[in-house]
């Protein structure tokens, strides 16, 4: 099975569904990621690109696609939809994970809306959460108790971002661990990642 | 894997998830049903009981449990929760399907609320729809294009109910077929059953 | 009474409210339609235009207005709002029907939002659904049991589109019939069209 | 056309839809009301009964039915549903108006839920608001600019209740006037009553 | 404490939270306003500017910032977010009030969405309502019984707009008074302003 | 200022708002708690009572009221509403905290609904969350970074319950810490408690 995760910035995917991707990778699925912007608001773009490639190696991602947009300037237009469609055409994913449409970051909102259009014939589309997401009530869970360690490693690979949470002295690992613990309680396991389904078929049918 | 479907009345389960149950039964899972009331408002209770047993044989249900309540008088109290818990203890289901909590029928509402309590430690709980359900927006789908025929047979086994839809001259097969066609369009397949998740783990983990 | 239906593409209006428009036309009301884009993604634009005119003749539409936008490129801007306002000024409608704002198609979303602005002083504004619409819970219904036949004819007039549903082997007539059957069940009639009200006055007051 | 308004207590109906009922009465429709409790928490029951009869005479109500329950003790059970069904059977209403299900008063909540069950085959069911209602977002409006005066008279007929709003020195006329003014602004008229539809057919079809 | 209110047009802020701002000003807080557009659809821009300055003097606003956009053309882009961020950087507000994102006016919608981005690190962000706002269910209230008179004066300072409500013969004072009365009833006081919280800390912590 | 927290069982209040109560107690407010049931499903009732008294001493609660109901059997009836009203009459609280109405535990649901009725004239009513709560989207936050240690101590005072989370090997301190960390991230502080407002006045006005 092929799986595609789409994030607006380097590190979005790791926070939202990094452990899930690793879990599926270990089961033999082919994982692909698509990062829409260069993350230039968070640091040097070549560094961010290298960190993302390194992080995705840890998770077990087969290939990282880059959207080529500038950070904070992701436009909600037909071209964005087309770019996502092109990667979907190449990857032929059975499952798609993407940022949620209620979020304080405009890039996340635009990406989510464009992906709703681009994935209209994909059977399984799930939204993930990051710290700027709001009004997110997951009903779909993946138990990641055994994969949290790898998620942490993947997050730490984003060296330049680790302390840039803008929340007290918290690192992105602290933030992601609280999130996994809280979603775990909701799913009645130690650690979980939670998702809102746009559309999900039980028994994946590609 | 063990699966439990809970319905307020004979024939609720068939309309809501009959094809899904059959699909899972064919894959080798153990299917159980629990019918909370005797269906006395729709006809003679011994006839309704026999029809339910016959219908469930068609679907491939292993055992039908009966809640013993009178039709239209399902109380939302601790005893109802306990009865559901008892069947859960016996069946040890990985998946539970049940009526939805927004419905013009009070028995459906009460059953849904009691089941939310009784299933608090079950990993996968999904609500199904019947013609009296309202405000139901499914995000989970099962492709039942190949199972619709068996669903129809199961519905026809409820002989005494076939023409009791109270909607023009429509039979319950007509109603269920429109529903499966409409949910199919939403899932981009010919026929589907749609569900609202209370909680769902991808990769069923019992 | 004057009624205006606004659709993003040729055939949207027929699927969403074609039977309702015909019902009102037969009662002596003046029906107008406004098609915002040329439907070029679905085929040759002159063919689509001719099909729309033919379909609207069947329904009993008095005049078809064309927005002049390219398919999939409807922008959500002030000009779009103005174009809708201009047609409203000319038609002076008591009732407006339009695509819904939750939809996988960006043109539908943009049209709905622009129409919310353009219709701010119109007493009756109702959203209709098409197969790409999601999260749509109609509370307003029109019984179209007697008008379904004409709706089917209007849909078939869109000859070039009939088999382009992208859902198995289903035709747009199949899709529209399931939809009318399902909404009929919700309204307790054989066939219905369902609407979400932005604003509706009982007893139409122009 | 026959219209039935159902209120939990004397004066609920007047606040929620008194002007609408008067408007329809004047157009020649037959208006009926059903008051479920005796209003004993607000004063002497015989006085409240007399006030209700007097108020309904002003509005133009043909007959007042009484549910016979004690104020604040309306139970949400099968008997309540049956009582409502019995009045519906006698009146054969095309339209039903009733209290809303989100309300700080338990009697209002119970009445709304029971009515959802009892009206499952009625084509037009609308919820109205009173000062204890919350989370109420009306999309259906009736212009009552010409009927507000009569609504005020009907409210004043509930002499014993006029100053019992528990809100500063406000009378129920003050409260109802603010409400009608606010809903009017939403509907773009001077005064309106606003409703949430459970189900509504355009073109009333009994 | 510093407080910033952001409105799309001259007079939006007064209608939505004028009395609240005055109440806080009187308690010694520093009030700032930011008006994004010139209000040119409602009249001469220099007149509207002067009215706004005059109105804000009445309320007790320390400084009025102007966004410089043209009325009805507020774009939802990065530049708009930046302009809001710049004023936030200068004012360092503990509280922000802004138009709501469900509204028939596109400028109000765009401003709300941009402000959600610009205020992502602000502890207290509240949405206010104006007559074009819809689907607004306030849970936060400010008792403005003693401040309504000043709110009225501030509204009257927008001389050129007083009769431009497009609702019968109603003035903006009529409209604002109905709104304050209705929200007062919901909060159990005579007059209130109601707000929807994006995020609110009890005990303001700057 | 007097504050009342109402919980269905011993330890509910500590999990939901223990740190907030301690914060307010330290500022000189009078804190009261009302525990509706005896917690008999979790252990010996005299032990649970002693633990609750001990925990509340740690928080700084002035007096613990007991509702006297049996665990899991809290009825949603008039008597429950009256019992809450009686404590409100005695305490005269400006702020009320209570369990939320969407929860897998029936006692929590019933308590929340009864409290909505009992607090209809209270200006500030906030819902808190516990691990069984679902569909809870807090918009109100209290920064409890400095009070988390005391919250932990109060939870540990419920000695008999510490390991009864039914979630892996997690203690209630683990669960509460994840919750406080996650809500902290949403509020942009290290640790927070989050609340859903039923009604809240800025500037507490008793």
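In this document, chain identifiers A, B, C, D, E and F correspond to the written order of the chains, with residue numbering beginning at 1 in each.
By definition in this document, contacts are C-beta pairs under 8 Å (C-beta built on N, C-alpha and C of every residue); 3 or more make two chains touch, one makes a residue touch a chain.
Everything quoted here is computed from the prediction, not taken from an experiment.
Of all chains, the one whose mean C-alpha position sits at the greatest distance from that of subunit B is E.
For subunit C, the chain with the farthest CA centroid is F.
In this entry, D-E is the pair from D-E, B-D or B-F that repeats the interface of A-F, since more than half of their contact pairs coincide by residue number. We define each chain's centre as the mean of its Cα atoms; on that basis subunit A and subunit D are separated by 50 Å. Centre-to-centre separation between subunit C and subunit D, using Cα means, comes to 35 Å.
Annotation for subunit F: residues 121, 134, 166, 186, 188, 198 touch two or more other chains. Counting only pairs that meet the touch rule, the chains in contact are A-B, A-C, A-E, A-F, B-C, B-D, B-F, C-D, C-E, D-E, D-F, E-F.
Those residues of subunit E lying in contact with subunit D across their complex are 131, 134-135, 137, 145, 166-170, 174-175, 177-179, 181-182, 184-186, 188-190. Of all residues in subunit F, only 72-73, 104-106, 109, 132, 134, 166 touch subunit B in the complex they form.
Remark: subunit B residues 20, 121, 123, 139-143, 186-188, 197-203, 205 touch subunit A in the complex.
Only residues 78, 81, 113-114, 116-117, 119-121, 198 of subunit E touch subunit A when the two sit together in their complex.
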